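Before I ask anything, let me first share the structure, which is written out below as structure tokens.
Letters A, B, C, D, E and F mark the chains in the order given here, with residues in each chain numbered from 1 onward.
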Amino acid sequence: MPHIPFYLDDRPAYFGGFKRDYAESDFALFGVPFDGTSSYRPGSRFGPDAIREASANIETWSWRTGTDFEELRLHDLGNLAVVHGDAGETIRRVGDTVEDIVSTRKIPIMVGGEHLMTLGAAKAIKGCTFVSFDAHFDLRDEYLSNRLSHACVMRRVMEEEGKDRVIFCGVRATFGEELRWVKENGIKFMTSRDLLREGTKSSSSWLREALKGSEKVYITIDMDVIDPSYAPGVGNPEPEGIHPSLLLDMLQEVIDERVVGFDIVEVAPKYDMGITALLASKMIFEICTMMKRK
Amino acid sequence: MPHIPFYLDDRPAYFGGFKRDYAESDFALFGVPFDGTSSYRPGSRFGPDAIREASANIETWSWRTGTDFEELRLHDLGNLAVVHGDAGETIRRVGDTVEDIVSTRKIPIMVGGEHLMTLGAAKAIKGCTFVSFDAHFDLRDEYLSNRLSHACVMRRVMEEEGKDRVIFCGVRATFGEELRWVKENGIKFMTSRDLLREGTKSSSSWLREALKGSEKVYITIDMDVIDPSYAPGVGNPEPEGIHPSLLLDMLQEVIDERVVGFDIVEVAPKYDMGITALLASKMIFEICTMMKRK
Amino acid sequence: MPHIPFYLDDRPAYFGGFKRDYAESDFALFGVPFDGTSSYRPGSRFGPDAIREASANIETWSWRTGTDFEELRLHDLGNLAVVHGDAGETIRRVGDTVEDIVSTRKIPIMVGGEHLMTLGAAKAIKGCTFVSFDAHFDLRDEYLSNRLSHACVMRRVMEEEGKDRVIFCGVRATFGEELRWVKENGIKFMTSRDLLREGTKSSSSWLREALKGSEKVYITIDMDVIDPSYAPGVGNPEPEGIHPSLLLDMLQEVIDERVVGFDIVEVAPKYDMGITALLASKMIFEICTMMKRK
Amino acid sequence: MPHIPFYLDDRPAYFGGFKRDYAESDFALFGVPFDGTSSYRPGSRFGPDAIREASANIETWSWRTGTDFEELRLHDLGNLAVVHGDAGETIRRVGDTVEDIVSTRKIPIMVGGEHLMTLGAAKAIKGCTFVSFDAHFDLRDEYLSNRLSHACVMRRVMEEEGKDRVIFCGVRATFGEELRWVKENGIKFMTSRDLLREGTKSSSSWLREALKGSEKVYITIDMDVIDPSYAPGVGNPEPEGIHPSLLLDMLQEVIDERVVGFDIVEVAPKYDMGITALLASKMIFEICTMMKRK
Amino acid sequence: MPHIPFYLDDRPAYFGGFKRDYAESDFALFGVPFDGTSSYRPGSRFGPDAIREASANIETWSWRTGTDFEELRLHDLGNLAVVHGDAGETIRRVGDTVEDIVSTRKIPIMVGGEHLMTLGAAKAIKGCTFVSFDAHFDLRDEYLSNRLSHACVMRRVMEEEGKDRVIFCGVRATFGEELRWVKENGIKFMTSRDLLREGTKSSSSWLREALKGSEKVYITIDMDVIDPSYAPGVGNPEPEGIHPSLLLDMLQEVIDERVVGFDIVEVAPKYDMGITALLASKMIFEICTMMKRK
Amino acid sequence: MPHIPFYLDDRPAYFGGFKRDYAESDFALFGVPFDGTSSYRPGSRFGPDAIREASANIETWSWRTGTDFEELRLHDLGNLAVVHGDAGETIRRVGDTVEDIVSTRKIPIMVGGEHLMTLGAAKAIKGCTFVSFDAHFDLRDEYLSNRLSHACVMRRVMEEEGKDRVIFCGVRATFGEELRWVKENGIKFMTSRDLLREGTKSSSSWLREALKGSEKVYITIDMDVIDPSYAPGVGNPEPEGIHPSLLLDMLQEVIDERVVGFDIVEVAPKYDMGITALLASKMIFEICTMMKRK
């Protein structure tokens, strides 16, 4: 067996209830129970375990892809040993873990934890275009005296890969200065209102077009992109979001063999009674079957 | 007065706040506070009382039917004396109660409690087609070593009446083996996605067609057929469900004098802060006015 | 500085986190933490502070109007010193406060608290047409032996201004007797079902038409007009409501310089985990930018 | 059957699960779901039903008195039809109800609801000494512009009966001005600290002494007299209270045939997960058996 | 390695966070997530996992015994695969599991789940005296038509071993008929009041005396023996209980090499916010160090 | 007015509801809403605001000291602008703030937030003995790869002032290695069990003795020193703690003019429904009156 990821805590975990050997798996899922920079409603540290628990209690058939998730080969590495109070070190560990997973030719699935953790993936996977499904741009240069904040993550990702390598879908919460920066720098985005007005077909075309020329694609899903009625259990709920089927239908149109990994972040299970974690686990099921199919 | 139902516990209860003599009523409602086989999120035992409390706090006008629920004649029998830990005996009591109600020419309305309780109705009302609004098929032959489980109820109902006597609407959670069995046995169903795509008109036509030739119809509504955004307080919430108006509009199209009874099950009020029980009580109001009108 | 409003309690408060001098402001917001006549689910007294807290944690850009809320001039007067157990006196204080605000040429924004408080605004602002977004008519003559009840507020407002001076949008919960009175008196209304069927464009036209001839308009929004999936945290949730975007899109079409004030009432934050207060604060942001724009 | 109490709402209710005819009963219990003047944590309106539910789920044996509560004759009249938002009228109804009960030679047991309701009992039962177990004196002359407030109830009671006719046990929350008034007027009290230091024996002696010469005694128990560790679910929890056994042991020493009624008020069940309502129902069981024994 | 226990579900679990091989361990802990006969507040099925989570977040030193729990050898077998809705079969599996553990010379520790599960241990370990720390006798012959109910468990245990082989400590909730039976049959018990009055020393002497002549002792702790202020998260909280230190001090006096196993049952974690599960896990730590010491 | 503290966020706040000018005050209170290194149950960031809200709803008389808190002069500086995710910088800001307060001859009162924040006070006030009321020693050298963790705070404080300058009261949660270090280094401590056995008098004597020779004393109170029955809302609840009156009685015996400041930390209000914050605010009232008296 090849070198396997560092920094895992030693509690075993089985997403979906399934046990696969790492060596025989196609997907390697890991949780990052870190929410240290959350400024409003902390608690995404409890996301990974809540999503796992939900995943063991839903059915496995994907109607979109005609596949049973049970047939896929996913290994759950458990949770990363995060350093509470040290975001930088935790990001480094995420990066090392993603690097290890990729080096063994598995597809990494990161379950947050806060959105800042996506920066770890960005540091590990080079030459990639990031598709960010998020209600927010997260493009502040610093937030509350902090450059390593959830509100800055996409700015930091851009510093790794370039401003044209991040595409935003479903964004709707911003402020004048950030939006000016977005426009001045020609950042590509569709708001949630755009997505709803255009519908799956047209929105997917736009995104496929935007991804032309990219050789690798990484998808990061902040659960707050979904409307709070479907996903109330997030750190920063924002009204007027999209519904889950629109997101999944778009992904089905867009996902192809260029997708090298994905993450789902910002589920804060203390702020609802279970439906957000259930939705997140269902989304992981669906996305995995999309990646298999193709 | 004729022989009246057995096995009721002796707490008085008034759905909607109304008191009618049993003898003068058209509908006889009873609760079944049983959730003994729940494997994921128990608590539907608290459903009947939560739905009654909600029913006393909403208005009574039905815009769909132009009727005031207050004008209907419904008697609330209170709750069944269930045997916690003995599903078989509890089902038998449900059956006896439904039989008693039907024998006195009232329309039974059962408020769950878990979906398994519908088997009691199936044992009592023979020669009936069952329309199941449910996110799940509940067609496992056994579940966690148990043939009398909520996950098996429709399989057991089919054993009473035949595989062609159950029609599924809004189903979306299954697994490969169950779906194969469904297809091999020619079970009639529309998924939630089908319903949403086809819309009320077309979906209702399909259902009316599927009911052709049936002399009696029983409607069973597992609240998880509704999307978790509208009905988070259920035992097994499943994303990508239908909205309540679609369900009620379909029922309005389909309900006719062949409908001999209905149930609403799986409301688990500890998993939200009231909206699921409110919706369930509103649905009972609406369905009763539909049954009266015709 | 001119005479400023009476009866405020002395806790400072900053809606949106912004501090403006009263003298330099265009909008004057105040909370009314009163829920004394609530009969079902009390707790709207906690609405004003929950909405303020939410308002400090969301972004400020309005895509509808292309304005940053931060650019507006809003002064938060804090909460009214209500008299728990004395609805009449509290209404009088609301009236005096609104009168003071209007006399200093600011636009009053009242944050409830229960809907009955709108009667205070009606007493202060004469010659006005009221647009009520509410799931209920609130047109009972008395409720539970009480003429000053949330269930009677619009009847009392009509006694101030005339039956033709209240227009209802999104209504859906009523009972036979109230609906007969509504029809006999030619009250103008669109149900939630009407709004959903007609859509923004057509509904807005109807409302603009209904407002023809009015010289002043006051908008009162009972959060229960919104569907419980989006706004579960209200005193009287009612299924089959409208979605928030429909409400805001209508308002954008309708709001013009005749609008002299508005309120948002009935947020009861103990009945959800934050999303209703967030939505209410976002709605205040949006409505203010609409009023500025024109 | 004699004239029976007015103003009850029409929901049947069975404290302890027992049904007795009013005519054959010794005790007549009724709930007062009113919390209109609560200024901090409202919700005692939900107290009566929570206490009833708890009462049906605990055992009935009293070790103190060697009696089974089931042997007592208690009739549950259900809840008073309160007027939310009109404290004065609600107090009047309490008074009438207590008067009716007493006139039929039953012992009234009032279950609150807020402490202000005790004023109704004081108006109905003349010539009585009141023993108040409460963390607070409730002796303000007015509170937040209101003379009919929970914080003023004992001042109002004194106006009915005289300053020497109220005795305070377990008091610990006050402020300088109130305490000066207490001392200047020679009000009799023991603080919680006094009770804990003196113990049951000595404290009971003091109370028996203080009651010498009284011909009738009414006991009013604000649940906040108990330490918040045992009774967190109250409107105004106050640290450093007494434990429930001390209270019950004192009552056992003191209760004799002069006791004409009692109440338990201020249980606010939303502020815990059941233990305060359970304790209150157990206390009612115990106190009734004490009153029977003698 | 010897034959190891059947019927475990396959999720790994590590009480206290420690991993020991089964073969090298002295204690074998397993969870029984079953609450099928709970009649009041179900949810003890969630007890085992809540207790494990708590156990990983508390410190390990025992001041009573001067031992670090970490030095003990405990293997966590995980949870039993219970059959929801079939108490009899689940008890049989508990019995088989305890038998297996005992046959491999480990000490079984069962974590409930409901108290009925103790019957499984009684069937597996013969010739044993049971010490029951419980607020209730659980000696009904049947409860709600059910002989296999939590309210009957000690009656069933007596049928296995004899009426003199069960000793009750801390009992306080009963009813006349049960208490008569207890007295007629000479059952040994101390009430919570007895324990509090006598104190640790004297109570322990009584218990040691009562255990004279017993060759094997099994200790069963229903968490409701503890006062609800310390342990609110149980199925049937009962006021006027004992404090945790009294229970642990007594156990330290009494536990000797005759103790062959113990269980802690009825923790229902949804009814508090963590302190009951924390206490239960601490009690397991303490009891294990007591059993080691001797 | 002298130079005043840096780094405050700009929301006004009034502990106890009182407003005093800074210049005229004796006490300067500030909140530190930081919980970044919390490893088990985060949420103490919400402590300061919850404690303030509670403080405005309790009475002000102190029976221990015969003083009304309202007569004291306390200024509430509001909350520190913490840097989420950067414990070191946040500690530095605490230090600067304490230094500023002390330099203007006010007594600093810090309201946490997590216990690590006490390190800021230690850095600002030199030559001080620290009395730590805490269930834990917090003497790890590092915890989860982090030297700036709540579990290490007293080790860091000792590095500032010396091992003999920290005295522990009420400690009960530790592990073998830490306890060995404590003993080898002659650290002074009394366990909760010691305090309970010795009682107020004797425990206070010990503490006064231990403080002999100290010129300045700083008191830090981690709310988990209190038993979880009284203070369930903390980050790390630990069974078998002390009761609040014991703590306050000891403080009354010990506090003299050498006390230069104090803090109360680790209140996590999401883990109860209010009683822990209420107790903390009462403790601040009591302690301030003790400091005034002398």
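Following the convention adopted for this analysis, a residue touches a chain if its C-beta (ideal position, glycine included) is under 8 Å from a C-beta of that chain, and two chains touch if they have at least 3 such contacts.
As the structure is a computational prediction, the values presented were derived from the model and not from experiment.
Between chain C and chain E, the least number of touch steps comes to 2.
Among the remaining chains, D is positioned farthest from chain A, on the basis of C-alpha centroids.
When the contact pairs of A-B are set against those of B-E, C-D or B-C, over half line up by residue number only for B-C.
A rotation of 120 degrees, rounded to the nearest 5, superposes the Cα atoms of chain A on chain B. Note: centroid distance chain E to chain F, computed from Cα atoms, is 38 Å.
For this pair, chain A with chain F, the centres built from the Cα atoms lie 40 Å apart.
Distance between chain centres (mean CA atoms), chain A to chain E: 44 Å. Shared interface positions of chain E, i.e. residues touching 2 or more other chains, are given as 39, 227, 229, 270, 272.
Chain F meets chain D in the complex at residues 57-61, 63, 68, 70-71, 227, 229-230, 244-245, 248, 272-275, 278-279, 282. Those residues of chain B that touch chain E in the shared complex are 35-39, 42-43, 45, 81, 83-87, 89, 144-146, 148-149, 270.
On the chain A side of its complex with chain C, the touching residues are 39-41, 136, 172-176, 178-179, 191, 193, 227-229, 232-233, 236-240, 270-272.
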